[in-house]
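Pasting the structures here.
In what comes next, subunit A is part of two complexes: it sits with subunit B in the first one and with subunit C in the second one.
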Partner chain A sequence: MSSGRAWHDRHLGYLFVLPATLMLVGVLVFPAFITLKLSVTPEGGSGWHFTLAHYQNAFRDPVLLQTFKNTFAFVAWSLVGHFTVGLGLALALNQALPGQTFFRLVALIPWTIPDVVAGIIFRWILNPIFGCLNPLIKIVIPSFPAEFQWLSSPTLAFPAVIFANVWRGYPLVMVMLLAGLMAIPRELYEAAAVDGAGRLKRFLHVTLPGLSTIILIALALDMVWEFRRFALVLAMTGGGPGTLTEVLSTLVYKTYFQFFTFEYASAMAILMSAVLFVLSLPYIVLVGREQ
Partner chain B sequence: MRHKRTLWTGLAIAAISVTFLAFTVAPAGAQVKIRFQTWHWGEKPWVNALEAFQQEFNKANPDIEVVRDESRYADKETVYTTQSQAKAAADIAHFQHRPIPLFAERGYLMDLTPFIEKEGGQKFLAQWDQHALEVCRYKGKIYCLPDFVNPMTLLYNTVHYKEAGLDPTKPPATWDQFLDYAKKLTRAGRYGLGLIGARQEGLFMRFNPFFWGAGAEYLTPDGKHSALDTPEALEGFRFYVELFTKYKVVPPGVIEQGAQEVRTQMAHEVVSMNIAVPQAPGIIQALNPNMKVLEVMAAAPLPVGKKRVTAAEYGMRVISAYAKNPEAAWKVYKAWYSHDIQLRNFKIAGVLSARLDVRSSPDMANNKFAKVYMSQAPYAKLEPLIPEWPKIGDAIITAVQEAFSGVKTPEQALKDAHMAANRALGVQ
Partner chain C sequence: MNGAAAASAGRERRLEAVASYSLLVLAALYALFPIAWMLSTSFKSEAEALSLPVRWIPKQPTLSAYVEMWTLRPFGTYFYNSILVSGVTALLSTVVGALAGYGFSRFKFRFRTTLMAGFLATQMISGVLVIGPYFQILAAVELYNTLTGLIIAYVTICLPFAAWMSKGYFDSIPRELDEAGLVDGASRFQIFLRIIMPIALPGTVATLLFAFLLAWQDLLWALCLISIDEKRTVTLGVAFAVGEFVVKWPMLTAASLIGSLPTLILYLLLQRFYVEGLARGAVKG
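What follows is the complex of A and B.
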């Protein structure tokens, strides 16, 4: 009787998590295993013959190397933008102002728009003929060229994509920072004020230290997500002009689905995952420490 | 306590059982569903032809239901590859000529030879455009039937011609004349020509006539090396690029423009000429219902360079190798390719059927646009249908974009594309 109860106690939990475990194995572990296997399978090969040739080719591939550089630049600038805009808006929306809830909701709108839709919206906004940005700028600066080319410009295409990505992605950082700001005890600000600290000093010595963990977690998470950003870039520029805005996810997509070189694309994807894992280490460490 | 544990255990088992049943047991119903996949479900006026077929077939065949399955032009191959890898592709799918050999090689497509043999073999096949049918043959088997054959011609706005002092009955006959016309048509807020620079396969349908017209080829005659390093290749490439960079007869933002964007520019009179497919007048009409397309637009053969040549879009439909009901799929497939449906498709969507008896019908022969397009079919040419083409094509699009945007000179961009093409072909 007691051994039956012990069996129940030990195994009932496993039974409950079994469906979720099976689902995770099906949608995460199995595809990851297949990708790993494909990455070491000779091109067009099958079965259990393995090669490291795709990895050797990847390390010698100038296009892949350039795309890694593009991706790091894309991630770095996106993070700077997300943090700057996110923190600024979080500070503003943390003030007790009329319509606070309304403005908080409005600020979240970009986050509700799917990547691909955001990409298409910006492509049309920046379109030199039918877009609305050029006429708006022309109202302010009459000498501005009416048919200015943003996405066709070798120097402006990349910043334009980053700008769109900053607009699309700042709400996540903003929401996290806003939650952090709301958790900072008001007494700390009052005590600092009593000690004669001005706005800047309160920000530097109360707000920032109070947010430091949240900032690190938000940026670590954002970094991982931006590294995988795909649909926005594809919809806006397709990687062009030439390959100037090509990022890793679009290159892997192209290699897999357009060149039909599944094996090489899988090797690229594995390398990308390895880099992502390294990038996500700060987040893992921080979360582990918090727990 | 014990009762509580038993209850929880029972609930857990019941939940798992329900989940299992939900995933494994199909809903009851004897009707066979055939997924009919094309990007045209979302495109006017094509969707009208598709819906008419769907309703008509479903009414006449209560045991089979044709189900709408949407793809997008830009990622139709991606969708199909993913579905095929999961062995869950649409039963019938629509592509252009380019991926047919690649999909056949990967085993995604059903060999239609046994069905064709039952229908009469060669006699059955003789009903279709034989050049287009060749695209369907791969390693001795037939994987598709050609649906439509769309050669490219010059579509132009006759009102703009008159405004520029040009005779609408005398379209440009040579490329030099074409440039001259484009310059005359370009004025404030309007451009002589719409060109494609976006990363999409439609680029080749516009680029190829310039390239081949200059006497260039993509590959050497043995098909083993890139031929992008020839003077003819540079001549054709440079002419295409300089229409934008030097002569400025193309609207700004050419790199962002795909086929639909250019048709939109044509519909809103931003451009006066376009190298277009036969269905373009219908699409332009749908984009701007106020334009009297039949009166305003005219079609003409493309100008002639060193040889008369045009590019073409071949529409193909395939049956998936993973179709669960091949007989039912073939029944739908055959109905789609029947004379009456194909003729109706022309009347609604303006595409030129690959069925010879439809092409010779009075409806098509007397149509203002169709007769010009049909006259160009003998000069239609396709890019090399080799497994390496996607990489070579990508290198060429990259070169076109780099030259358009000024990242590289046309010479350097084409040189780099030549090297990339050779790498794709395995040339050391």
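What follows is the complex of A and C.
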């Protein structure tokens, strides 16, 4: 009877997992393989002719190289911004102060705004003539040019996009860090205080070690999300001026659906995913070890 | 602790509170400022939005932008589409994800860890990697330009985190409850449905909210899989409005604001589940 139950259970386990597995294979894994195959198929070709030409072209494509650089910078600066704002706010929100619920509620609001809307808002804020940022800066720095064109500036368009993305993306990092902070037992702080540890020492020896895993997880997840960020860039700059704010997801999208060179777009998408996979490998190993 | 030390500790705490409050107020301004500017613009007439100097609060507030948005473009239809797509996505992905999460949490079977790692790895798949072939598959089975095709895609994207999050949550529920159910003669599925799911409600609500948001906020998949106006979602409608009505900022901001409202309201209603669900599910220490 008991072995019958175990046999039954083992197969039931598959049954519970089956629907999700089938969908993942059908919608993500199978199309990913088609993309892989397409990326080694000659342009307009079909069947079993293979070529590495698209990859060779990709490595020589200045736009793609520029876009890779942009994407790395976009991800890195976004992570720095999200982590700084997120940790600061999580620490402030973790002290049982009156009104804390209200502030937590407000701090998470950018998370509920769709990317495309965030892109539009910041485009309007940065509008050179009728936007509200230029007049605000003018109050602080009277010598600031009156109709400064943020989003067509070769030097400042990119920081402007990062600025918008920091606003859009910090809440999720913040909430994960906050959940991590709440999981650190109060007694640890009290014990450290009894031992005479000051605020900095308590932060370094209690908070940071207790938070280290969740910091890694939050940053790893955020990295994946920022690598894929699409609508915010598309709505805010469309990748311009030129290709200065182009990121990989907007470039691959354009190559597919505006230039219709499917094979080359596939090769780009494969390269992008390979890089993302390598970058997120430590996370997968980390989470796997936790289990 | 002597009196002086207690006094200094009290002062330190007060200082900390002041610092925290200043930071929180600044953060609230930071979080709300772009939305306030959008709100202000949406109540202006076109002439007022394009007049100098820039006015923070509209002098003659008007609802004309909202009326215009609703009449110039079929935003009612977009809303219907988005609510349908996001609602079904949230329900389906939470149910299918919870089934998988329960399977991973309660059963030992071959390839269990491999499958779990696979679920995790699919989370790293970027939409643009699979969107081309998925588009062709949908066209082949005549699901291109249908909300069904969109829902299938969204449910699948939500599945990995739904499964992982509910697994984490189920892990925190004692197995003795399952065993008690088995002794009472309930089947595994009945135990899942009647005993475990009700206890896991906060985690489930958090997953629902997450999935709804993901579907509601997406632009990439809708952009690639929908090409006819009557099937557009809200985000798609807003994105196209930007191209069409470049200088109608009151209307664009009105549409953007209305398009963000459902997720905002849902979040405000469900927020107490959100942090708890995340804390016990995804972030379980």
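Here, the second predicted complex is superposed on the first by the 264 of 291 C-alpha atoms of A that agree within 3 Å, B and C clash if a C-alpha of one lies under 4 Å from a C-alpha of the other, contacts with A are read in each partner's own complex, and residues count from 1 in each chain.
Here, a contact is a pair of C-beta atoms (placed from the backbone, for glycine too) under 8 Å apart; a residue touches a chain by one contact, two chains touch by 3 or more.
Remember, it's a predicted structure, so these values are computed and weren't measured experimentally.
Superposition of the two structures on subunit A shows subunit C clashing with subunit B. Touch criterion met: A:Pro241 reaches subunit B, while subunit C stays clear of it.
Once the two complexes are laid over each other on the shared chain, residue contacts for A:Asp115 go to subunit C alone; subunit B is not touched. Of the two partner chains, subunit C is the only one touched by A:Phe277; subunit B is not.
When both complexes are overlaid on chain A, the residue A:Trp48 reaches neither subunit B nor subunit C. When both complexes are overlaid on chain A, the residue A:Ser152 reaches subunit B alone and has no touch with subunit C. Of the two partners, subunit B and subunit C, it is C that touches more residues of subunit A.
In the superposition on chain A, A:Gly180 contacts subunit C only, with no contact to subunit B. When the two structures are aligned on the shared chain, A:Leu12 is found in touch with subunit B and with subunit C. Superposing the two complexes on chain A places one of the subunit C stretches 27-35, 63-71, 81-89 or 135-143 into subunit B: stretch 135-143.
In the superposition on chain A, the residues of subunit A contacted by subunit B and by subunit C overlap at 12, 15-16, 19, 127, 129-130, 253, 256-257. In the complex of the two chains, the subunit B residues touching subunit A come out as 2, 5, 8-9, 12-13, 15-16, 19, 75, 77-78, 81-82, 102, 106, 197-200, 251-256, 264-265, 270, 387, 390-391, 394, 398-399, 401-402, 404-408. On the subunit A side of its complex with subunit C, the touching residues are 9-17, 19-21, 23-24, 26-32, 34-35, 38, 85, 88-89, 91-93, 95, 97, 103-118, 120-122, 124-125, 127, 129-132, 135, 167, 175-176, 178-180, 182-183, 199, 213-214, 217, 224, 227-228, 230-231, 234-235, 248-249, 252-253, 256-257, 262, 265-266, 269-270, 272-273, 276-277, 280, 284, 287-288, 291. Those residues of subunit C that touch subunit A in the shared complex are 12, 16-17, 19-21, 23-24, 27-28, 30-32, 34-35, 37-38, 41, 49-54, 56, 96-97, 99-100, 102-104, 106-110, 112-113, 115-134, 136-137, 152-153, 155-157, 159-160, 163, 188, 192, 213, 216-220, 223-224, 234-235, 238-239, 242, 249, 252-253, 256, 259-260, 263-264, 266-268, 271, 274-275, 278-279, 282-283, 285. Those residues of subunit A that touch subunit B in the complex are listed here as 5, 8, 12, 15-16, 18-19, 123, 127-130, 147-149, 151-154, 157, 237-244, 253-254, 256-260.
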